[in-house]
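Worksheet: the structure to be examined is printed underneath.
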Amino acid sequence: MWIYEKKLQYPVKVSTCNPMLAKYLIEQYGGADGELSAALRYLNQRYAIPDKVIGLLTDIGTEEFAHLEMIATMVYKLTKDAKPEQMEEAGLGDFYVNHDNALYYNNASGVPWTASYIQAKGDPIADLYEDIAAEEKARATYQWIIDMSDDPDLNDGLKFLREREVVHSQRFREAVEMLKEERDRQKIF
Amino acid sequence: MWIYEKKLQYPVKVSTCNPMLAKYLIEQYGGADGELSAALRYLNQRYAIPDKVIGLLTDIGTEEFAHLEMIATMVYKLTKDAKPEQMEEAGLGDFYVNHDNALYYNNASGVPWTASYIQAKGDPIADLYEDIAAEEKARATYQWIIDMSDDPDLNDGLKFLREREVVHSQRFREAVEMLKEERDRQKIF
Amino acid sequence: MWIYEKKLQYPVKVSTCNPMLAKYLIEQYGGADGELSAALRYLNQRYAIPDKVIGLLTDIGTEEFAHLEMIATMVYKLTKDAKPEQMEEAGLGDFYVNHDNALYYNNASGVPWTASYIQAKGDPIADLYEDIAAEEKARATYQWIIDMSDDPDLNDGLKFLREREVVHSQRFREAVEMLKEERDRQKIF
Amino acid sequence: MWIYEKKLQYPVKVSTCNPMLAKYLIEQYGGADGELSAALRYLNQRYAIPDKVIGLLTDIGTEEFAHLEMIATMVYKLTKDAKPEQMEEAGLGDFYVNHDNALYYNNASGVPWTASYIQAKGDPIADLYEDIAAEEKARATYQWIIDMSDDPDLNDGLKFLREREVVHSQRFREAVEMLKEERDRQKIF
Amino acid sequence: MWIYEKKLQYPVKVSTCNPMLAKYLIEQYGGADGELSAALRYLNQRYAIPDKVIGLLTDIGTEEFAHLEMIATMVYKLTKDAKPEQMEEAGLGDFYVNHDNALYYNNASGVPWTASYIQAKGDPIADLYEDIAAEEKARATYQWIIDMSDDPDLNDGLKFLREREVVHSQRFREAVEMLKEERDRQKIF
Amino acid sequence: MWIYEKKLQYPVKVSTCNPMLAKYLIEQYGGADGELSAALRYLNQRYAIPDKVIGLLTDIGTEEFAHLEMIATMVYKLTKDAKPEQMEEAGLGDFYVNHDNALYYNNASGVPWTASYIQAKGDPIADLYEDIAAEEKARATYQWIIDMSDDPDLNDGLKFLREREVVHSQRFREAVEMLKEERDRQKIF
């Protein structure tokens, strides 16, 4: 089970109300390679994976929920003072008529999140490569959003998150190598 | 952010390996009215809701993740020792070829979870009725699963979870009445 | 069965060709909380609900089809004279290449309608709370669209529809209280 | 708008409680080529089609709703007395835990209905061929269900519905030929 | 099996970097009536269709893959030199944060391709009408895109593709008439 | 463009009519990690990837279409002589009423294929890890199907396909290492 602690993993600031940037950033909230995908993927894989990898999946999965909360806070701060006209100008008129200034788990194009984005195969090697790929794709997504952003405060948070994906990718690579070595020691087939 | 504590909210036991029951139970893992829907719905609504309801949504949303973990543990215990033939006999052959004995966020029919199941409107009254409806639907789902189950150990856990939904429904009803009273006091239109 | 009567439930007028407004309004045609969701939800729930609520569901479900026709007429009037360039300027270029100036059951972001938006649990209390939530969410959606619109003729129709949702919500609340009272009289558990 | 008349287009009888048959029949309720697809497709196409075809689409679209109601009644009669164990034996255990003995717009495999099944192009020839194809596919679906059924009472209703699809297909073929002739008379390109 | 030949079926040119046009054109890449739908539909229908139609389906299905490659090349040429700001101005900022300047199988609104767009009924008449409808819908889509385009080089390629759909439609009509004649000769029912 | 050659990449045999096995095997036709996903993923990534990897993606993508054709042939051979009752007994009654004995791009649970299963990020490292993960997941899926199968003729074909995935995975790993080395040589950041 999880205990909620009322603080963010890393402080979140935005320079100004900027719904256009929120529109892009929501890709990491409810998009294919966003934080929701990450958290749900890792926590779900914990059950059919060798014991020695469970802790890693729990740690990273839990951290991804903290990232999801950071993204939610960023999106909210970028839009909370936006009037309907500003939402409209930012291309968020379609979002506004459905959700007002609330949040929702969809990608930047408005497509709702689906579990089809993630996988669990019960094969540890396959699952860990899925996880490495996920981290690399999340890293790329942060890069494309940073390319679009000229908000230095927001970018500080986004760069922190991008770096965490690089670290996670490295840890999953170590785990897959460890399991492959072990497999090679144990069986000859 | 959340801190993981390595224990379940309520102890989970199953009497025997029973993949058929797992097939039904997964409805509460990745189905329309399951625990994933509940947790993600409430935590997402926290941003555009009056301050006095945020704590309630955080508390219940966090608890629903604990429920999700209980369901995951139940499903895993019911299937972890099942051989492919047993999965097949239980109507889980389709699940097995995709996921082996791992878990996945789909409903009992194998349909992947989608955010289309949940909503956030930025209107507190609408959002809280969405939440009441969610709890009532989750309660009904637990009932239909209990109808299908003859595992007394599992049913003990399911009854605990069903009762929690009743409590949550009551708390959301209190919240909506509080907001309606406040609204009626404040404006005349 | 239904008999078609060639008139609208309430007269529909629009002040001017305005495809941008059509883009938002289509949320109530093929969106999560739109009239299609409403009509299909209520008519589908009629079979496993106590007899005394069937008439209510039939009446409101049938009326929602009349509302769906009103929305269709509004969307059509707002776009029928729009040239491709006007569609493009209104952010409907993506819609145009797929559907020209025809209608389609998608939301304002272009996501096709899915039955995942609606539910039927076979539990009358749960189903009626689903319906109350639906009406409250539809009311909010009309409000957000009215916020975006400066067409007084269109707004007249939208306000009529918004008021109908308020009435329906009230009737579903009365129905759920009636069923709860009856349940409490009948069983002690 | 539509007026509800409390009778079915054609009398519906079933010989016995038979949830397995209900499982197959639901394909015509919420499946790709079922009555919901038909009704929604035709009524939606009415706005961007030449005036002389609107009446045909309204008539057939309205009749398809009557067919949808017949299918709903059939499914309900086949399952209303089924106990959970009978639902389970018929392969409807997954449906039961989600919906009890209620109805839902999904296909025989449990996939929720999506508007992606239908289309409107704003090109009358294309739209009418879409409609002919729809009727031919519905006809085939009725045939495959009749192949599965040994309930003579049910089959009587299904054969009526299959014949109506043949008639509709013929009427759409006449409409497309009429429009093609007219087009050929009017323009040379 | 297929052999790749490193050339396009018809030469593809674009006059200038034009991401807005790419946004529309992607409808024929990953949209409901695009080339992916066409290729996958025909090749999939080959197995349960009378022998004399298999060759036609293989030929046209294989050609549609060549068309898909032409569309991919067009979209890539229209966007490969576009900077993030240009993608944003063209309404492709949402696409960019997910895919950078890569391609993806979604429609112009960003909705991922789904097999729900296509069908195979095992009934040759129904399947061939599905195919005729598909070609007519594809023809209409090319027309709506040409309406939006002022790039003469691109339009040359699009007109070639539109004409191929007309030819395919004609060939499927001949096939369905042939099968109907044969059916009428063989059985009297 | 592609040229069709009327032969399979590897001969396909099945020992006996076995629709149950077809039900599982269809996972590799229209499932998340099946051959359709593979072919479409690689061919789509060719445009925004460094030139030296394009050939590899074209080769493997084209081969995956040959695999898709092998799977189609296997599924067809396993079901073509199955009567409706046999389809029903194999748990394919739901498939039969929708598609008769035709094929369709869905997974073993009947969920239609969606492009949400695949990704293209425009970042070569991320894309190649996506591809490695895809091959590992496909390998696992073949393993789970072989676990379910006691048809030695079919298994011969499945083992051939499983081995090809291992080879492809290796080639993608070499490609990603090559690109990483090159990147490390070129920039210091």
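The letters A, B, C, D, E and F name the chains in turn, as written, and every chain counts its residues from 1.
Heads up, the rule we're going with is that a contact is a pair of C-beta atoms (placed from the backbone, for glycine too) under 8 Å apart; a residue touches a chain by one contact, two chains touch by 3 or more.
All values reported here derive from a predicted model rather than from experimental measurement.
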Legend entry - Shared interface partners, meaning chains that touch chain B and chain E: A, C, D, F
Inset, instruction - Have a look at D-F, B-D or A-B and name the one that copies the E-F interface, over half of its contact pairs being the same. - result: A-B
Inset, instruction - Since chain D and chain F are copies that touch, just let me know if over half of their interface numbering is common to both, same, or not, different. - result: different
Inset, instruction - Starting from the Cα centroid of chain F, hunt down the chain whose centroid lies farthest away. - result: C
Inset, instruction - If you tally contacting C-beta pairs, which comes out ahead, B-F or A-F? Let me know. - result: A-F
Legend entry - Most widely separated chain from chain B, with each centre as the mean of CA atoms: E
Legend entry - Centre distance in Å when chain D and chain E are each reduced to the mean of their C-alpha atoms: 27
Inset, instruction - Round to the nearest whole Å and give the separation of the Cα centres of chain A and chain C. - result: 34
Inset, instruction - Can you check how far apart chain A and chain D are, centre to centre, with Cα atoms defining each centre and the answer in Å? - result: 41
Inset, instruction - Hunt down the residues of chain C that sit against at least two other chains at once, touch-wise. - result: 32-33, 91, 98, 100, 106, 109-112, 114, 116, 119, 121-123, 140-141, 144
Inset, instruction - Name the graph shape formed by the protein chains and their touching pairs; answer line, ring, star, complete or other. - result: other
Legend entry - Listing of all chain pairs that touch each other, if any do: A-B, A-C, A-E, A-F, B-C, B-D, B-F, C-D, C-E, D-E, D-F, E-F
Inset, instruction - Provide the residue numbers of chain E that touch chain A in the complex, in ascending order. - result: 84, 88, 91, 93-98, 100, 106, 109-112
Legend entry - Complex contact set, residues of chain B against chain C: 32-33, 114, 116-117, 119, 121-123, 125-126, 129-130, 132-133, 136-137, 139-141, 143-144
Legend entry - Complex interface listing, chain F residues touching chain E: 1-5, 7-9, 30, 36, 40, 43-48, 58-59, 62, 65-66, 69, 72-73, 76, 80, 98-106, 112-116, 118-123, 127
Legend entry - For the chain E and chain C complex, residues of the former touching the latter: 20, 23-24, 27, 31-33, 91, 107-111, 140-141, 144-145, 147-148
